[in-house]
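You will see chain A twice below: alongside chain B first, and alongside chain C after that.
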Partner chain A sequence: MDHAGRGPAVRALPGRRGATKGRSRASEVAADYAYILPALAVLVFVVGYPIVYTLVLSFYETPPSLPGRFWTGLGNYRTILTSAEFFDVTLNTVYWALPSTILAFALGIPAALALNQGLPGQGILRGLLLIPWVISTVTAAYVWRWLYHADFGLVNGFLMQLGLISRPILFLDSPTLVIPALIVVNVWKTFPFVMVMTLAGLQTVPRELLEAAAIDGATAVRRFWHVTVPYLRNVLFVTFILLLISNLEHFTIPWLMTGGGPARASQIWSIDIYTIAFRSLQFGLASAYSTIVFAIVLVFAYLYVRALTKEDTVR
Partner chain B sequence: MGRISRRQFLVLAGAATGSVLLAACGGEPAATPTPTAQPTPTPQPSGQSTAPSQAQASTPTTTEAVEIDLSQWSPDYVREIAGTIGETDTKAFVSSVVPLETTGNLSYWYIGPAETDPQISKDFDKQFWDAWESTYPGISTDVQRLTYADMLDKIRTAATGNAAPMVATMPILWGVEFAAKGQLAEISPEEFGFKESDFWPGALKSCRWQGKLYGLPTNNESMALIWNKQLFREAGLDPEQPPKTWEDLVTYSKQIKDATGKYGYGLVARQNHGNTPFRFMPIVWAYGGGAFDEAEESPTYQSTLINNEGSIAALEVYYNLFVRDQSVPASALTNTNAENTDLFFAGQLGMYIGHPSEFAVMVDRANKATGADKERAMQLLDNIGYALLPEGPVRRAVVLGGSNIHIFNERFVRGGKVDRTAARAFIAFRCSPEWSIKAVWASSNPGTLQAFRTSWMQQRLEQVRFLEVTTAMLKYGVPFPVVPESTQIMNIIIPDMIHNALTGKMNVKEAANDAAEKIQALMKQRPS
Partner chain C sequence: MSASVSTRPGGRPRPWIQPHLVLAALTIGLLLLFVLLPMAWMISTSFKSQVAAMQQPPRWIPEVPTFENYAKLLDPRGEGGRWFLRYLLNSFIVSTATTVLGTAVAVPAAYAFSRFRFPGRRLLFMTILVRNMFPAVVFLIPLFILMRTFGLVDRHASLIITYMTFGLPLAIWLLKGYYDNIPTELEEAALVDGATRFFAFVRVVMPLSVPGIVAAAIYVFIQAWNEYLYALTFLNSDELMTLPVGLQSYFSEFVTDWPGLMASSFVMSIPVVVLFMVLQRYFVRALTEGALKT
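== the complex of A and B ==
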């Protein structure tokens, strides 16, 4: 909101300046709050209340055999943090989330750079590369499940027809292959997001700077490292954090493709929480688990917010 | 009356419109969504005959019927008693429970026919709602038809948020959890015009929690072994002799795989999926194991048997099929039964455990096929056999499946009120011999035993191929443990145990011990 126009008028009334300015400021702030109040109310009910309720519930035991809940203090947290399974699942989650994020960048950045070159047919190419991102995750998970299927799968069928394998590769039925197989799907699904964000960042790089560097004899690689990357750094960092958070909390692809199996090899945090809550009906335990995961993700969220704030300060 | 300004008129009109809309939103629940027209009798999938029309007036009503001797239960006995009481008069029966002119409201949730179900199931579902509407026109019914995958989460959430329906039909395993939480109302069969002996004892057991009854069985089914005679022939096996024991099944499966390169047996082991325990527990029970002592006459559910010799032997059966012989689908660890049905239908699978309705589903699919696919599908249909599940050293067993109907306690129901009279009328109607049988014509068996004596049962036996086999399996039905932790044990702990053994994460014995520890830990969490 523009306050500048009102300033001189207030200053023209010496003696009452402070009070008038204060009232005016208060009414403006009140109006601002009124504008954001509906959004704030929705946020409080939809996000705030569930967070607080989950936190409260995490201190209770909710046995499936009895109505109501029973105070257990930090008991649920102790159960989770001392369980070997939690650490297995955490390793699975890191194994799933970190390579998924890094590989999405490994594909997304070159794609963005290529699209930024003004290639012929660039618009069509950009549209095509965006397809995985716009397809619903559920649809993608089912399609890939069928592609990977050990008995009906197109991938195995193709490899067998080419004579490259004699037995089907157990992409989803082998504890060692399942997470890499799921990562492929996730990277395929999310690299366009990195591409779009990077492309947006690339368009903020001043062309004059690149031209000046070129005139000074900088090679394409040096121009990229010394001119483009510094401009992109913040965009890439924010995108990385966003994608990492999204991958840490991801549920749909592993759930629909493997249900967490085989032998819990693809059991990640979100699936574990869902299973404890809705299959075992231990809502208290699941709430404590969610709170722990929430605290971990909050660290990354803090980094994200800090990066954004830093960006604002720089501007 | 004075003149009003245009502004006043607009305000009043707006207020009136708002009132009407509010009244509409908070008014009576919508009536059942089905049209009132009486459907045409439906052709059977086999194309042999037509489904019966609604009950013609005849005798006797349920309460007058003759007892059934369950000790005699066999395919022959099932055929012998079918038709002995003709068609029952549903209107006469339900009117003796609740007068037909009764008015009221009812909200009801159930698992309705899915897209993949045979057409006849959809037709009878429609016919059921038409008949209910014409029998009790004064009872307005708000119906929610759900899928198996949605219903549990949805009804749990609804009950927790005091928004449950008044009445719900739920799969047999689910009710105890709601009863343990005090969310279901206690009932007695008599208030619906029945007595306990009108139902399978095992099925009634699944409706009981701490000695009190919280539901009535609407239908019960048991699965059977389905085999492809053509693949048996190609493997050098007698096509008319399915495996008698689980050991035989392992041998036959290997022989099929070795001789034809196709899979012998459709093992299902997906984690977090109900198909897995339904196909594994019969082997466990057959070898004398169990999650608890649920296979015994009077189970106590006190200590787990999942790591006793019988359970370990059953797990070895799976190990031999999957790891040693590799005679089952490579995708078994992530498969549900749907994938096995596809493999079987494609002629790539020798045997699998399936529902009574599988044949009707295959007939539907064959009818929709074209060209060479149709020819192949028809050839397969001619070569399908249904048999009792193999037996083990201790017994022959199968999971007693089906559904029970329950009334929710008022405080958990939307609006805080249950129209008990309407609920009684509906449950009497749904469990009447006529609808107990027609509502599950091709997919299950009636929960009400007297329905087996009706002429509808006789017609089903003529129309639904292999019905006598799946019906005969009911005698061997064992309900899953009637404890609130059952879903966790069956959907998580048991599949985890199978995966641990089949992926080599643990050996068979370690996997069984690990499962036993988990079950014990789970039971210890239960407050005394």
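== the complex of A and C ==
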């Protein structure tokens, strides 16, 4: 990310000063900011303000039946952190997010390595494998809900045809099967993201290094572990954190497939917050909840930024 | 480095059948099954009648294929078609506006982050990247209240403004990497010839970065086209719904029209899949040559 020493930047070039003769340093800087100002304005409006607002609102009680809001200090936080429901939902969330992320890697990395071998028609194969990532999560949720359908679904029909089961499995109505069933959908949707990031990372491994290792007699496995993996480590770490965070805050798949059920068995953070805010209309409580989730995610965000700012992000 | 993803490593001639190629083909074959079977089942169902869809054991090829689901969707005079086409139009309006505005904002920002050395540059760049880290739900409540204050609830503008920020971080990141790899000599030449800096950017650098801009634009478009949670929260009127939210109309209390739902899911996927298939190499190249190389 740092460009010190990466070749001269425009600003540092001799003679360029002359091209903008008569302009002061201050107006130069102001002109520079003008380029990023639109992006910044949108982000402040849609990102900065909401964070502050959520934080403020989290200290208020906002009874749905009354107008206005009432200071409650840490009351909302106490309500959430001492409730057994929050504990259960947190367990569900971790149970949903962590295996989803790991399995997406378990499929995404082999996919990228396989695509990097020089098979004929690679571009098309890569495109086909990326389809789940490109289509809407809504489509993915509905298609899989139909696949899992107890009476007419393909999965049950197939298993029964094979004689593996005699009665249909109620994937989405079973408290024990519901999260694994949802994880499959999530992995289907997200492994291509891991694949494409790994694939891009693989292109940054210097070919000469791999060839030198091959000439030195290193086996393919050794070349992979000692040359490729070190180059990929940072890309994979950043991808892992990104995917883990997006899984921790995920909403759409469980919402459209189970609504958090049966009996809250697939209730995860986002669905809980959404329900508290827009069904129970307790904005204050939901804001405190958001802030707690935000604080947890911030830990991972910190790791992400640290990995990104490392001098050798990739090389 | 101009190596594209499809370049074969090594470059020496190889015998046809190699163990690692067989393994690669096997891996990809299995993953293709996993990826494509659900898509194929969606398409198969969309050509069935309600009755045929509920047949067990399931049939891959419908006995009597029917186009009735598509005819219903695309007939503007019918009840189903009237709404579906409305949602489709709304999705196009929102996604296109987001893409145009988002790209217009991302391009100069990425250029500035790549070329200029203004104070606070690193901090701002990090702040923009970190945008992706925040849970969407954290923003949902305050943005809903904010949009309500500005009278934007139940307007497409609320979605367009919000969606712009979804794509911005990645778009800026991709494009900055792209600009980092464009030699500065070209701009210098223009500057020496007396062009203004802005002119050099618009006329010299931007044309060279078209593939990067295309990649960023596709990304922004796809994000906007597919978004569900904010559309669900910000829009109330049926007339304004985008497709992802509109699809819930296929669920009623008694029966779900699965063939109809699969047909509309399919139609909804076509634009993004086609767009991505045609332009994916730009996207992967931008990721490879730009973002990950910085």
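The criterion applied here is as follows: the second predicted complex is superposed on the first by the 285 of 315 C-alpha atoms of A that agree within 3 Å, B and C clash if a C-alpha of one lies under 4 Å from a C-alpha of the other, contacts with A are read in each partner's own complex, and residues count from 1 in each chain.
Rule of thumb we're sticking to: a residue touches a chain if its C-beta (ideal position, glycine included) is under 8 Å from a C-beta of that chain, and two chains touch if they have at least 3 such contacts.
The model shown is predicted, which means the values in this text are computed figures rather than measured ones.
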item: First (chain B), second (chain C), both or neither touched by A:89; value: neither
item: Per-residue touch tally on chain A - higher for chain B or for chain C; value: C
item: Touched partner set for A:278, first chain B, second chain C, both or neither; value: both
item: Contacts of A:67 with chain B and chain C, given as first, second, both or neither; value: first
item: Which superposed partner A:301 touches (first chain B, second chain C, both, neither); value: second
item: First (chain B), second (chain C), both or neither touched by A:151; value: both
item: Contacts of A:261 with chain B and chain C, given as first, second, both or neither; value: first
item: Which of chain B and chain C A:39 touches, first, second, both or neither; value: second
item: Shared chain A surface residues [contacts with chain B and with chain C]; value: 149, 151-152, 278
item: Touching residues (chain side chain C, partner chain A) in the complex; value: 1, 3, 5-10, 20-21, 23-25, 27-28, 31-32, 34-36, 38-39, 41-42, 45, 53-58, 104-106, 108-109, 111-113, 115-119, 122, 124-143, 145-146, 161-162, 164-165, 168, 172, 180, 184, 187-188, 191-192, 194, 197, 222, 225-226, 228-229, 233, 243-244, 247, 258, 261-262, 265, 268-269, 272-273, 276-277, 280-281, 284, 287-288, 291-294
item: Complex contacts: residues of chain A adjacent to chain C; value: 1-3, 6-13, 15-16, 19-20, 29, 31-33, 35-36, 38-40, 42-43, 45-47, 49-51, 53-54, 57, 107, 110-111, 113-119, 122-123, 125-132, 134-140, 142-144, 146-147, 149, 151-154, 157-158, 160-161, 188, 191-192, 196-197, 199-201, 203-204, 207, 210-211, 220, 235, 242, 245-246, 248-249, 251-252, 256, 269-270, 273-274, 277-278, 283, 286-287, 290-291, 293-294, 297-298, 300-301, 304-305, 308-309, 313-315
item: Chain B residues within the chain A interface of the complex; value: 153, 156, 177, 180-183, 263, 270-273, 329-334, 339, 342-343, 348, 483-485, 487-488, 491-492, 495-496, 499-500, 502-503, 505, 525-527
item: Chain B-touching residues of chain A, taken from the complex the two chains share; value: 61, 63-67, 70, 145, 149-152, 167-168, 170, 172-175, 257-265, 275, 278-281
